[in-house]
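Each of the next two complexes has chain A plus one more chain, namely chain B in the first and chain C in the second.
Presenting the complex of A and B:
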């Protein structure tokens, strides 16, 4: 098991399959379906392959074509019947799969004005988020047989590389080339905070901006659904873990961003910093696969605490 | 004092007159150039949308007789595309949602092509793309 000291890291993992014939160019992202039987792979060759797990390996059961150039990301909706892909061609595609394992494109969304880097689904609703080189995050939902862009999150000053929803899905974290991590909160129509909403769509407001912690572009963010901790992957070779605290804790230094904490103001402090760990910002050309970034990074951070804290 | 005014203000006066003349000429040339550009650009958009409309109308009649579930999904998407194209305000270049609606039409066209298993890329020649992240 990962993190165990009795075995050297990586020795208890075996390579079960090499799927080398599916794509003609860099494979940029992979995603397991919620049921675990399918694997989707997004490639710079413009296609997304769907692989089905068999007893002796994996079989490519579908190839999703249509994007004009590099596909940057692919994500499964929690229901397992929807899939989203995004590309340098500035579009986000929503696909539906039926009981016969047939995939069909249900929408092509041209809301972004530049390269779309990342797509991610809401943890429980059929709501899709995308991050782009156009500095925005956009949200999409289904409306009368078609998909529409229901919100545009503006605030970042440069490319947004990744987004992540929290466990409830009322908040979203975004990271950018502008070296900030932003937390957005969803306000529904008729909310008691008095945030205006247009029509029946909720409004997303930026409630927290973490700047000054990252000295380079932030490429990825992960929001732990167990502990609520936020982890970031940065071009300055560091992984950072942020935790939300309602009050300032003595055991850990608190970098207050706001004076108080309430629904609309969050205080996030850096609880640990793991230095000298290389974070890959480019597709790997290595033959040996690297150990993947654990989604329970927050628990790992607690395990290595105390560590040196950054300024 | 008046006789010196003419000499002292000469430069300013000539500057002003020159500006007025230039502005008038520039506006005239600008209008002509704008008109040419509008014609070209409008024709491009018209040609693109016209292509989608012809394509959609043809496929709708081809699939008219089909009653299976798959075909009805395709017909629904085709009708949606036709509807979007027919609703598009061709007479108004100042329509505030012009670009947005155009992108929606293009997106719907791409989706329809995907459902019909047709390549939406009518360009001739391969596009070379560079490695990006």
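Presenting the complex of A and C:
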């Protein structure tokens, strides 16, 4: 059980730098490199800037051009030498950086048929996932001297806004304009469950669909690698956290809503403040929650403060 | 439907969405009456519009009409729809033209000429399981309502010779002209359209001005051949058979439109796949057709097939390399060694002497390599003197319009490559017919006519930043 800490919003964070000269339009996403020395910024101006951390700030060391229009997302691969970007031009690009900090395009993937919203790398393998306005999630891997789309996850009925891998990378969560969260499981060739695979590529199957929880489009999802909990960001102004039920089976996992933040007043068992608003969660069914809520929230929200469970 | 044009072109904003264009050329005729006050418009229940003038009289207004033909004349909106561009030039269009031609009065009939690219021929040969010469002869028979069937390998001689000489000229002036080198190949319209649209005036100075074999053939057929046949250019309907769809766009370029005779140098481009469709439509199996002798543009031209070494995309790098080595450094090159770089579509060739690099050439096929090349060029970090740029990975033999064969894709492509390379290799400088044409028709290699017939220009495409084009 944690003691209760309350901090006034913003007191422990200071603004170190404002990188105002890199882009000409909306900066849509930023991503730190695995080593922490570089920051990538994806912009509606069609470029992705790479900023290198210096003693006194950040310097733009490279500008990745080539996308035809707005870049929607950028992500670093765990190895740190690969980067992925995606755009409204329907393509996903894979870039490579060498020892001299020179970035080169390694592949241009045109698998999606519409605007690509999000790209994310597998936590440990060089496997890339993308989410699109074409209602699908696609996966890509390297094959010989090029990258190929090795899987297409169909099931959502509308734009897929974001995806997230779980810690092991055997499962993927996707969230959509269709207001559902889907969990997909990877089945390798020769799997016990008898799921068919074509060639040497694994098959991804949708093993869980959470519907009825969200009343608007779900824009983002985050899968906590520490606790396994899933958090969603929704157009109905709420953040929701789902945890896997104790009776969940691998082939048919079940998740339940363990925390639902909304702006209305509810009595709480656990609370967290997000930005300026005090967000309160529904009472937890458990008397002693397994995990600290603050850990869940801190991974996802912009500014989250330690929270405590009230006894 | 999506993957018709080369990957490079697909990324250059060819929209399915037809947005109204501010460049619309359709003038809407308005009959203006001299009057002081503005007219009032009344909309009836049935949607018709009436103009109410000052004394209360009502006049029904005509609806402004824009027909598809008007739109096709304009470069603005509808023509960016892929389906329209494709149907404008297709095998169906060819069939229609041939049918109309048959039915037309003798003095209205056109001479129909088909120029087949060696890549298309190799693809057909692979599909029909024949050699290339057999394929060429049987194709000549099949296209019997067509009057002549030529081979663009012939016109390619001109493209190669002009490219070689252009390179040497540029190399010699590189100290005065910062943008003389690297010289970038010009035969691929996928690359050209992308370059004009995305990099515009930055990249255009580097692109070779030499016309592609297709367009040289256009000049030859509508120029020399027409004269020989005592016809005007518009009395010939020139069709080419190409391995990709991008060639359709090349044929439609305004630079290749003959203003005087209001005719295109190439009237219709059909892909290899479309030829197959024609065969299937007629229920013909090419292997069952009787072979016919090959047509030649000049009677002195050889009656067998020939090829140019250096890969399935024309061999520009190899020809320019050999010629430059000889002309600039007095070196006779035997075998050319390629060094693959990041991927198999990006390869380097280096000429060295006593440890000094004399020439550094490269092949850059496919969008990602084109990207990297241009970005390097922009940063001033490109080490090349010449780059053979092609939009399609693996080059023209793998173009979007080629016939898809069964089996492993690598093996299929290799099979087509072997067929493509099977004819005897010819040296452009030694082709008698080509030399004759330079003399008789063009009046010399450096004549103004030669430049006009064998070279072209490029135009940066301005991105229209009008309200209509912004996608929120």
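Points worth noting:
Assume the second predicted complex is superposed on the first by the 241 of 311 C-alpha atoms of A that agree within 3 Å, B and C clash if a C-alpha of one lies under 4 Å from a C-alpha of the other, contacts with A are read in each partner's own complex, and residues count from 1 in each chain.
In the analysis below, contacts are C-beta pairs under 8 Å (C-beta built on N, C-alpha and C of every residue); 3 or more make two chains touch, one makes a residue touch a chain.
Just so you know, these numbers come straight off a predicted model, no measurement behind them.
Aligning the two structures on chain A places chain B and chain C in a clash.
In the superposition on chain A, A:44 makes contact with chain B only, while chain C stays out of contact range.
Applying the stated contact rule after C-alpha superposition, one finds that A:106 touches each of chain B and chain C. Of the two partner chains, neither chain B nor chain C is touched by A:59. Once chain A of one complex is fitted onto chain A of the other, the partner contacts of A:68 extend to both chain B and chain C. More residues of chain A are touched by B (comparison of chain B with chain C).
Looking at the shared chain after the overlay, A:193 reaches neither chain B nor chain C.
When both complexes are overlaid on chain A, the residue A:168 reaches neither chain B nor chain C. In the superposition on chain A, no contact is made by A:143 with either chain B or chain C.
In the overlay built on the shared chain, the residue A:88 is in contact with chain B and with chain C. With the shared chain A as the reference for superposition, chain B clashes with chain C in the stretch 387-395, and the other listed options (207-215, 387-395 or 441-449) are free of clashes. With the contact threshold set out at the top, residues 65-66, 68-69, 88, 91, 104-108, 110, 145-146 of chain A are in contact with chain B in one structure and with chain C in the other.
Chain A contributes residues 26, 44, 65-66, 68-70, 72, 88, 91, 104-111, 115, 117, 145-146, 281-283 to its touches with chain B in the complex. On the side of chain B, the complex with chain A involves touching residues 73, 76, 80, 103-104, 106-108, 110-111, 113-115, 120-121, 127, 129, 131-133. Across the interface of their complex, chain A is touched by residues 2-3, 7, 10-13, 198, 342-344, 367-368, 371-372, 375, 393, 471 of chain C. Only residues 65-66, 68-69, 88-89, 91, 104-108, 110, 113, 145-146 of chain A touch chain C when the two sit together in their complex.
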